[in-house]
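Before anything else, here is the set of structures, which you'll find just below.
One chain, subunit A, appears in both complexes that follow, with subunit B as partner in the first and subunit C in the second.
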Partner chain A sequence: MSDIRDEQDAHEFRAEALSLWRITFGPLIWALHFVCSYGATALVCAKAGAEAVPVLRMGIGIGTLLALALIFWFGLQAWRQWDLRRDREWENDAGTGEDRHQFLGHAGFLLAAISFIGVVYVALPALFIGTCA
Partner chain B sequence: MRLIPSVTLLRSTALLTGLSLLSACEGRQSVLNPAGRDAQDVLGLIWVMFGGAALLWFLLGAIFAYVTRVEPREMPRRWGEALIIGGGVIFPVILLGALLAYSLPMMAPQRAAEEGLKVHITAEQWWWRVAYELPDGRRIVSANELRLPVGRRTGLVLNAHKVIHAFWVPALGGKVDMIPGRETYLSFQPEEPGVYRGQCAEFCGASHALMAFETVVMTPEDYAAWLEAEAADAQKPASAEAYRGAEVFAREGCGACHTVRGTSAAGQVGPDLTHVGSRKSLGAGILQMTQDDLSRFVAHTEAIKPEVAMPSYDHLTLKDLRALAAYLKGLT
Partner chain C sequence: MTRPRTLPTAEGPYPPTEEMLNAPVSEAEQKRGGEELRAAWKTPEGWRYVTAVNNSEVGKWYCLTALAFMLIAGVLALLMRVQLAYPDMTFLDADRFNQFFTMHGSAMMFLFAVPMFEAISILILPAFLGARDMPFPRLSAYGYWCFLIGGCFVLGSLLFDAGPKAGWFMYPPLATKEEGVGPDIWLLGLSFIEVASIAAAVELIVGALKCRPPGMRVNIMPLYAWYVLVVGGMILFAFPPLIAGDFLFELERSFDWPFFDPTRGGDPILWQHLFWIFGHPEVYIVFLPSIAIAAMIVPTVAQRPIVGYSWIVLSAVGTGFLSFGLWVHHMFTTGLPQISLGFFSAASEAVVIPTGIQIFAFVATLMVGRVKLTLPMLWIAGALAIFVAGGLTGVMLAIVPFNWQVHDTYFIVAHLHYTLFGGMVFPVIAGVYYFYPFFAKKLLSERLGLWAFWLIFSGFNITFLPMHLTGLMGMPRRVFTYPESSGWGWLNLISTLGAFIVAAGFAVFLFDLLRPKKAQGQIPRNPWGAGTLEFSHDVPEEAWGARSVPYVTSRYPLWDQPKLLARMDAGRYYLPDAPEHQRETIVTSVIDAKPVHVQRVTGPAWITILAAIFTGGAFIFPTFHIYTPAIICAAFAIVCIMYWLWTSTARPPKDDMRDAGLGLRLPTYASGPQSVGWWGMWITMLGDATAFASVVFGFFFYWTARPDFPPEGAAHPAGLWVAVAALAAVAAWALTVAARESNARGQVTLARIALLLAPLAAGAAGVAAWAAVRDLDPTSHVYPAILWALMVWLVVHLGAGVLMQGYCLAGSVFGKMTPRHDAELRNVTLYWHFMAVKALVTTAVLGLAPGWLT
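Here is the complex of A and B:
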């Protein structure tokens, strides 16, 4: 009897491991976008001339769109997993498999939202400042 | 019981000194009294940022007041969600994004390339090494004062020796760090002739607070004349007392640290004294350029500026000190 329950738990846990990973993807993309944007700008401004700046800005623009699309995609997945629209449950605080599943969706969605805003703010300087000065 | 009157006294003196400080400044060192293009831009930015912050603060306050005082009942779920997500997430994100977008384009103009001169300023402990670079590459060395022509953009190439300092003339523009071994750049376009105070704005040691300077903004004609005079060698002593002062200067070895162009004094440790007498202040913005203050500074340097690299010459006779001061004051 207890063996069966343990096995069921283990199975559920394995299934949840992926969404535990998934909630980190938004902030990870944000961090990666940040490091690449600032690193590339520092390199270009220190080593290359003014003629490389438009290319840099274009690159940051493309990287930003890519990052935003990815974060949006992960956010959407998390939103579905939270399942707010169907059951209208804002909080999933019971110790059940379903609540754990939905809670991770909730957390992943919020983290994706803040990462989305973070990426936009990080990209703004490249949009509004056209020189290395 | 005895504490109360003294606290009141303290408070009122603090208030009084605060007030007199405010009025004594007359905006010579105030962001709120811009005397140049760059400072005007900074002030505009301050007001916009303040406006945005005030808007956010009042709106959130109003929402709190509404849900706790005006309508403290449970509201429909949709309403609550709209209030929290709309007022707590979407509105601040858009407002902060707009402020960011407004401020970012202002950064580059504060570092726009110069139209005429470039001035190299190196921060020392606790004074300013200054060199004017003419378009033909010639450099005119000075110290502890900055002179700028009105209406034209002058470049400021900043550097530091040993520790980090920061360059700030609030009435003329933004503040920039001065970092050892790393050049930073800033440029000013002053619009009103006058004398404005600058101050080191990054803690740099014992006499950090005593590291200031005057910035003199002049008409282009006055400026050209001044620059020519500054490029010239030092004037010869014009009185018997000043002549004696020059002898004391040589005898005491001041020239090991100080340069007086046109004499044998060629030291590089301390400020260039070739035209020290024409400066608006003494000791990096802390004393007056008078005979009294000059002899006081030379005799009690360490007391006036803690940990300064210049020895105190308190062993000199009063007569020698007065003579030295007369000589230095005559170096216009």
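Here is the complex of A and C:
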């Protein structure tokens, strides 16, 4: 019989014992990338001339690469936490600390994947459109 | 002085072993627990019934009220369809038609779709979680009464021919210049309801995070709870920009501050941004919780666990985020730069991915299960068919050139009705059929249900499918009539016929819903064979929610834990009694749902109704530019709320610990992040900070959008006063923190002195902020106007902060707050953390930004 004051789970899986926030890191980077791209475009198109547009596009390109790298890194961490290769478990539906840990990894990984696609989508206009008009 | 003992923590065995759970509960013990709980949770009778705050009562009233508002808005739609049936009809005149379409949209969105989500969640979320009630029952009740008063006020304007008529998104300058009180009714009436929505969101988030039963870790909580979390979070970030917009809009209408008037530096586009930053996420705010109902029905129908639980969580969270990157697709024709339009077009296409994933997960579950086509499933099937059609036109509309082509035509009307009927109305009706045995303890008729479904489904398609064509042929939305030569007449006639078929379907549904069902007798407890906790309910009804709060180890406890039901009924699990006849529920940790403490929940009260009436007065009087009674009402509302908090929340308990059952002893008081109040404050502040950020966004928006911002030679705020305001606000914050620390160390006198000085510093900050902008004329140009608006925002929040500090001081003096029982002070300090940041940002914008920008 274990006592409620045993912090066994918290030690084993300390990584996310404190919060749910980690799974939203991917989407948060997507949101940041989106806001920065939109804000920078609004500023450049309102305040700077046409000559600044290539700089803007370059900037969005660099920002996109950064965002993708970060999301990739979070995704990789989440993938390890999901630990699919070791135990081939997809559902993680038991009421145990291990399944909770792997579930959050799974969800985080999927959210990183969707954020990655989202960032690529949002960057495409800057790749194809060359003017503010 | 020595540091006093800290609060106790939970002690005893956990998790319970099978042996402990197998031990029988004696007859006498069962009887005693049941009687105590029945006494504690007794629903008030007779005319006192309206004082009930229990989630089952408030949830039912909320649902029925939202349904009634929906029917009224539906009747408006029918009247409009009559007017449009033939060319050159004179059934309604243009003015009344404008009022009707404005009110139809506003009521369906603000009085039906969003409140219905909150109503259903208040009604069923605690049952999914095996909880006794929501963490803040009186807050739900207060929200409900606000909703009822506000809704009747807004809809009532139609009876006096005084309704708003500028369309449900109230675009300026049309709406700012509109004569009469219509737009004021819209702005103030709906702001009032938005406040209630945010209150419900706070309640639901805390409920899903902290009120789960022991053992229900995040990976096994019902999908509905995941959706509630996501949608609650979205409300916190979507509604505040609209409230900020309403604030600016009403300042323009009442005091002529030119935020949206281009002749004095304003910009109508700012309203469009603020409205649609709310408006597009709002579509998902109504869609996600409805599809969450589908996520509960589908596994039951297929009699197997959902396929791809993690994928659905991804879909809910992903949609929640991406939906905030879509708002400009309502503004493709406003002349923004092409690249900007491209971003929103791309994000609008991307959101289809997570939205589609959940639909595939449902289809997969149905494919691998053994499906029995019940009525709820029929409505879900109809929902998926209609929603997918609406989603496909959505993909078309996300493409800028096509959007330009059909902008403001009936194509849009068709698209939005497909998404909302498929994404909201059908799943909600499915939910009514599915949960009816749970909340009414009766069953709805199979035969009438089939009639209702086929009438509404076919009627809907007859109404809205032709509208795609009507729109492509060029019929603009919101016209009250059209000439015969246009060639749209026959299509409109078909749509009108269809609308009446839909109405007939609703009549059948309503009859079935409301007819007396006395003859039906007692229904089975779990008629659909569901696996989730809501069908552990008591038949006949008991008001206690759960006889005992179970220990859960599975996503479908009724399927996987065969002895669970008997143990719950016997009171084998947690909180099986109520020795002090107090209402209580169990609070658990966020991730792993370990029991943390026992939370006392509030019971029936008149004070919530009074508070709602006075709050209503504070919003409704200004509509008619009557300010003195409004201020008096606001003051009384504050008094009522303070009284309610003082008398019934966070009182130091008689005993520190309580036997919670199964050998577990839990604390009866919590402070700081352990307590639900702290979470409520933190979540509310997140929403408040979003609204503040929206006003600050306005400042910088003007700077990018207008060459004359700030105008040349404009007077700026007085730098010295700005600096004083910043320093005084920081001092007020520091004193509050000092009070918390010294109080916790047992230095009560020191804490009281700090709490006495802190409001003085806060007051000084407010006066200094006012003095800084006093000489500027807010009606002359948008630059001084937005500075004044920021000042007003700051002063109002400082005022709230002062009240809180005074409340803590009084608590300390009158023994409600002690060094150990300091929940209020911790919550107030949290408020002041946010307050300090807001004050610094405001003073930076007032004092520094003019220098940077010019």
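Here, the second predicted complex is superposed on the first by the 116 of 133 C-alpha atoms of A that agree within 3 Å, B and C clash if a C-alpha of one lies under 4 Å from a C-alpha of the other, contacts with A are read in each partner's own complex, and residues count from 1 in each chain.
The rule is short, and it goes like this: contacts are C-beta pairs under 8 Å (C-beta built on N, C-alpha and C of every residue); 3 or more make two chains touch, one makes a residue touch a chain.
Note that the structure is a prediction, hence the values are computed from the model and not measured.
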Subunit B versus subunit C as contact partner of A:Ala67, first or second or both or neither: neither
Partner chain(s) touched by A:Gly118 [first = subunit B, second = subunit C, both, neither]: second
Contacts of A:Ile29 with subunit B and subunit C, given as first, second, both or neither: neither
Which of subunit B and subunit C A:Leu20 touches, first, second, both or neither: second
Touching partner for A:Cys45 - first (subunit B), second (subunit C), both, neither: second
Per-residue contact with subunit A, leading partner among subunit C and subunit B: C
Touching partner for A:Ala133 - first (subunit B), second (subunit C), both, neither: both
First, second, both or neither for A:Glu91, with subunit B first and subunit C second: second
Where subunit A meets both subunit C and subunit B, residue numbers: 117, 121, 124-125, 128-129, 131, 133
Touching residues on subunit A, where the partner in the complex is subunit C: 1-5, 9, 16-20, 23-24, 27-28, 30-31, 34, 37-38, 41-43, 45-47, 56, 90-95, 97, 99-100, 103-104, 106-107, 110-111, 114-115, 117-118, 121-122, 124-126, 128-129, 131-133
Residue ranges of subunit A in contact with subunit B within the complex: 113, 117, 120-121, 124-125, 127-131, 133
Contact footprint of subunit A on subunit C as seen in their complex: 9-15, 17, 215-220, 305, 309-311, 313-314, 317-318, 320-322, 324-325, 336-343, 345-347, 349-350, 353-354, 552-555, 590-592, 594-595, 664, 704-705
Sites on subunit B touched by subunit A in the complex: 89, 93, 96-97, 100-101, 104-105, 107-108, 111-112, 185
